[in-house]
Amino acid sequence: MNSTVVTYLSQSKELTLATEWLTKALGFNASSLVAFIVFAVVCLIVVGVMSTIGGLGTYAERKISADLQMRVGPNRVGPYGILQFLADGVKMILKEDIIPSGADRFTFILAPFLCLIGVFATLAVVPFSSGFMLADLNVGIFYLLGMASLVGVGVFLGGYASNSKWSMLGGMRGASQIISYEIPATITIISIVLLAGGLSMGTLIGGQGGMPQQWYLFHNPFSFIGFFIFFIASLAETNRAPFDLPEAESELVSGYHTEYSGMRFGLFALAEYIEVFVVCGVATALFLGGYKVPFDLGTGSILVEKLGMDEMLAKNLGQILEIGSFFTKTLGLYYVVIWVRWTLPRLRVDQLMTLCWKYLTPIAIFNLLGCAVWMYAFDGKSIYSLLFESVASVAGHH
Amino acid sequence: MINLGTYLGISFALFICGILVMVARKNIIAILLGIELILNASALNFAAYTKFSNNNIDGHIMSLFIIVTAAAEAAVGLGIVIRFFQLRESIHIDDAASLQN
Amino acid sequence: MFTNTLFLLSAALTIGGAFAVVYSENLMHACIFLLASFFGVAGLYACIGADFLAATQLVVYAGGVVILMLFAIMLTGGTANNFNRFGLEKIAAMGNKKTYFMAGITAVVSSLVLLKIIANVLRNQSSAALEANLPTVERIGTVLATDHILAFEISSVLLLGALIGAAVISRPRTEKND
Amino acid sequence: MDYTFWTIAPIVLLPFFAFVINAFIVKKFTKLAVGISTGAIFVSFLYALRIFLDFMNVYSVGYHIHKVFSWFNLSSGTQLFEVKMGIYIDNMTSVMLLMVTGAATIIHVFSTWYMHDDPRFGRFFVYMSLFTSAMLGLVLSDNLLSVFIFWELMGFCSYSLIGFYYEKEGAGNASMKAFMTTRVGDVFFLLGILAIWAVVGNVSFVDIYNAIASGKFNNLSITVFSMGIPVATLAAFSIFMGTMGKSAQVPLQVWLPDAMWGPTPCSALIHAATMVAAGVYLSLRMYPLMELGHLTTFIAYVGAITAFGAATIALIQTDIKAVLAYSTISQLGYMVIGIGVGSYNASFMHLITHAVFKACLFLSAGSVIHSIHCQEMPQMGGLRKKLPYTFFAMLLCCFAIAGVPFFSGFVSKDRILGDALVLAVGNPVYIPVAILGFGGALLTAFYMFRMLFLTFFGEPRDHHIYDHAHEEHLGWNSNIPLLILSVFTLGLFYSGSFTGQGEVNLFGSKNEWFSTLIHKPDAASLHHFAEYKSEDLGVVDTRDKLELPKAEFDENHGMNEEEAHHVHQIHHFGALMSVFIAFAGIFLAYSMYIKKTINPDWWAQSFAGWRRALQGKYYFDDLYIGKIIQKGLIPFNNFLAWFDMGIYDKYGIDGWEAVNRFAFNVSRWFDNTIIDSAMVDGTGWSVRAMNTVLRWVQSGKIQLYFMVLVFVLAGYVWKLNF
């Protein structure tokens, strides 16, 4: 079991003591049991926090859109309407759960869960910090792609099972959009994998640093273009505007979840908002330095050296800083996603496919080649280090 | 529990299910499902022998190529199915029985 | 313990999915069960340390093949003509007792053959402790780019051919305007 | 320079790639294709030059490069069956490489001028590239099998180029004739390879030499009509038959004159310089086997008859290219005489010198033809003024081929004739060889200068043609190549001495590089091969190639003082005789065609019978077509046709028809009386039953097929019982 968070927490004395005590009390080596319990608890925490973030996402969306449109937005429930999402949740749970009579019951019930499973499974490899990552799989990003594709199946089946023409059109649009835009996204990811030399999230982030010039975003011109391709493709994959054709209100009522009501609809919505968060997190990890913080604050070693702080404390502080760094960047991107949604008009279907196949995919392939050539030609150095080194060598330093 | 025997057994079950689907169904897409099952069984076998026989990576490579081939086969196969449907308005395998035209 | 649990779950998912594919009367459901079975196989790969294979299985099958299948099912729904061109009634698309009987015979014969082949393996189970699972990604990368480079290139050509072939085959034929 | 496989292989691969690329682009980018072909062969030439310089200046004597790889391996247990391919370069190969690439480069350059008006300009270069790569592959081959492969490839190119102007019926027929005639030799060659394989278990040159040295061939013979024929003789004869086919020796010489239907540069490259020389090259490679098989006398006689006979036919030819074609056959005959009399070194030298001057002659002829669009010498005359550069080049070449001293032809041909004379003095069997050889030399000088005089001297015989002839100007691809080639007809490039054997030394023995470099593979040097091991591809040679010194020129050729003196005396006599004969031939031609003191018509009328024989080319074509094909093969065909029609068709088919007719009558009766009245329903039923079975078998239902497949597979696996 390759679990980073368990490894990190087992450094603490309390956990060691608890393990010893349990071993004594139960009469067998309890370390794996403790590890399992810790893992399960952390998983629950992550799922809970993410659900909350998903819920807050709806609130943020409404508030930001209101701001962009010079409105006030939700303002009744709680201060500044911040508890609106709880009210919505309660409403959804209490609503009647309707399954249309012509629907394919089995598939109809399964579809939202498939979406949710796909999204939650990806959370296993989202790198919140160097210590707080559920599992640093060595095929991390690849696993994430595979799991995220379940969402497409869910959307498609949701559309099919509803036995409604709006839903079916929405589902088919959604699935075709998702599998089409997976291609430029994956190729861009591969070009970043080429820079980092590994598939695991740890490797991908490990090649970057806290300062912006150490990010892969500014590593070379190709990765700079790649970021935008990835971001656009991610928007399309998560069915966000301006690519929200599967749920285009003006054409398809509400797309693949037209016939869903109550908590089933809630699950679709939740899955969508969490997926947006995950995708922003991946963009952060791949291009924006992930959880890295400047000046070695992440490991806490500088605190121990300069201030003489306790080592574990410094480490924990570093973790908190790293989590802060990650969330700051991710939520910044989250804001951009919402901003884009309320700024740009929706594309037509043919424009959508043209954008993917005639622009993004060729550019992504060009980027991949460009990255490969860059890595070969400049020995993997970033454009900043090249400039810096040339300046330094002119100045006579080495 | 995890040993070659169980893996072969699982792969065997997958294979038999694939054959059942392939022969029993009359829907071309369903037959393709059966073929996918059979391909999975063989890929699983390669991976299992890699692990339990010599831990060489070649079995994984073979499995990868099987997956690649399966993907290509699915794409072309489904293309043919759709074309066939355009021509005959049917995906019943017995409608594909004429040996000419 | 964790691996064993994962293994049991995956095996159950694999075999259960496969059997459900056999017995489901609805093609769409069969496809979903096939997806479950694929996930089980991915889990089985993960159990024996084939991490890259597991991820590939997920990406290719869940993200590609199953959605393609679903698309094909949707695109070929249409009219169900129950009579063939000779005016005889066709066998039900998802099979009937007769076809299942034939399939059963075929399955029994082939299972006899397979069991005969794997009998020795099943009889002589080695109980030696398993080696630790090593990461395979780098090794696969190295081997693909060195020993198996030809097969790798050929498979790329195969995929390109499949891409073009599928596009050409499924394109509606248009009348020439001259 | 340490050579690996990949630093040598480009010699072959560059022209081959040029061929592959050009085959695709030639239609649209003709000029580019021509450039690619010429450039590729030029780069090959640079490679070959480097190899040659290394072998000449750097490596020690007897050093050779031998790189092999396993082509396929069917060995099982103790039974070895591994076919290896590879490259083998020794001194001879390096010289040959230089000659082939050099001649090919110059001819390619010339062709860019000569062929550029042709509608199939590009295609010509495609064939030329393929041919060049095949020839180079043959030269670099380390075993007979790959030699055979490249040999056949060259044959194909020759076929294609002879039939290049396929609109003309003659060209098509000539290409078929060339293909069929050489095929006779090739079959024997293949048989020879098989014989060698049976004895040696391998066909690599090195292994064959080893087998000869270790006596594997000794006491091996097969019985044919209760006569024991040594396998060595059989193998040597078979391989020499290959040489006879490719190098146009009597009686398989008939194809080469007809090969002149091809474009002139292709005649220069294929039918003068390289492909026909490949046969001689093969025999030289296999020289130890020829010696072991006691075939040398036979070879000498074949060569002598060819040399003299072809020279006599050349006397009366009026087509300029036909003269050159017969001259080529004759000169190839000299090379074969060289093999037969053991003059290994001189024979190879004649191969090289002949390639140079004959390529130049053909190119000059091409220049003439291009200028006046006519090949008939009686319509030429006086072209000296119009084509001064061509005239100069052709003059030098005629001096060379006629054997005028200080020219290359004299050096090499005189050495062959000298060695023949040495043998004739000791052994009366060789006297006819020497006589025919010297006689042929006289005729050679005569007919070459006849050609020169008829073409370039005297008054123009056809004023219309003369007036329309293009004036010649110096051009980098028109006559510069001729002049370059003609410079290399000077003897000093090949030998420093007057006779080429060290006697009457002019430039010092250091210039005897040819004699120093090329050695007859005698018993001592064959044993030397056992020490060598071939290397895998890409392995850098670790043997110390500089340890031994370069060989010194041995004036006595390994003989003791007394013998050497005796031999030198004969050589001197032979050299004087050659000089005399050459000038006699030239004088004869001069007095016939310039001074006109001797009337050729008188000679023609006096020897009308001979003349008819010569015009009929000694009736070889009539023999082959009239006797062998028409009297032998066509009657045999007719017999087969008669058998088919008269026996098989008459009794088999018609008999079967009669049986059917009878059955039909019976069944009609049966039908009318029984079935039609009583059993119609039964027949219907049986047909339907049969139909059901057949429909079941071929239903197009894929699942059924699959089930049958599984059952068959199951039965198979069960039967195998593993």
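Here are a few things to note about the model shown:
Labels A, B, C and D are assigned to the chains in the order they are written; within every chain, residues are numbered from 1.
In this text, a residue touches a chain if its C-beta (ideal position, glycine included) is under 8 Å from a C-beta of that chain, and two chains touch if they have at least 3 such contacts.
Nothing here was measured: the structure is a model prediction, and the numbers come from that model.
Shared contact partners of subunit A and subunit C are absent.
Farthest chain from subunit D, judged by C-alpha centroids: A.
Here C-D and B-C were compared by C-beta pairs in contact; the pair with more is B-C.
If you average the CA atoms of subunit C and of subunit D, the two centres end up 60 Å from each other. Rounded to whole angstrom units, the spacing between the C-alpha centres of subunit A and subunit B is 33.
Chain centres here are Cα averages; for subunit A and subunit D they lie 73 Å apart. Work out the mean CA point of subunit B and of subunit C, and you get 5 Å between them. Counting partner chains per residue, subunit A has no residue touching two or more of them.
Across the assembly, subunit B contributes residues 19, 22-23, 94 that each touch 2 or more other chains.
For subunit C, residues touching at least two other chains, in rising order: 52, 56-57, 64, 71, 102, 106, 110. Which chains touch which is summed up as A-C, B-C, B-D, C-D. Across the complex, subunit A meets subunit C through its residues 1, 32, 36, 104, 106-107, 110, 137-139, 142-143, 145-147, 149-150, 152-153, 156-157, 160, 168, 172, 175-176, 179, 182, 198-199.
The part of subunit C that touches subunit B in the complex is made up of residues 3-4, 7-8, 11, 14-15, 18-19, 21-22, 27, 30-31, 34, 37-38, 41, 44-45, 47-50, 52-53, 56-57, 60-61, 64-65, 68-69, 71-73, 75-76, 78-81, 84-85, 90-95, 99-100, 102-104, 106-107, 110-111, 114-115, 118, 121-122, 125-127, 130-131, 136, 139-140, 143-144, 147-148, 151, 155, 158-159, 161-163, 165-167, 169-170, 172. Every residue of subunit C that touches subunit D in the complex is listed here, in rising order: 102, 105-106, 109-110, 112-113, 116-117. On the subunit B side of its complex with subunit D, the touching residues are 19, 22-23, 31, 93-94, 96-99.
Those residues of subunit D that touch subunit C in the complex are listed here as 703, 706-707, 710-711, 713-714, 717-718, 722.
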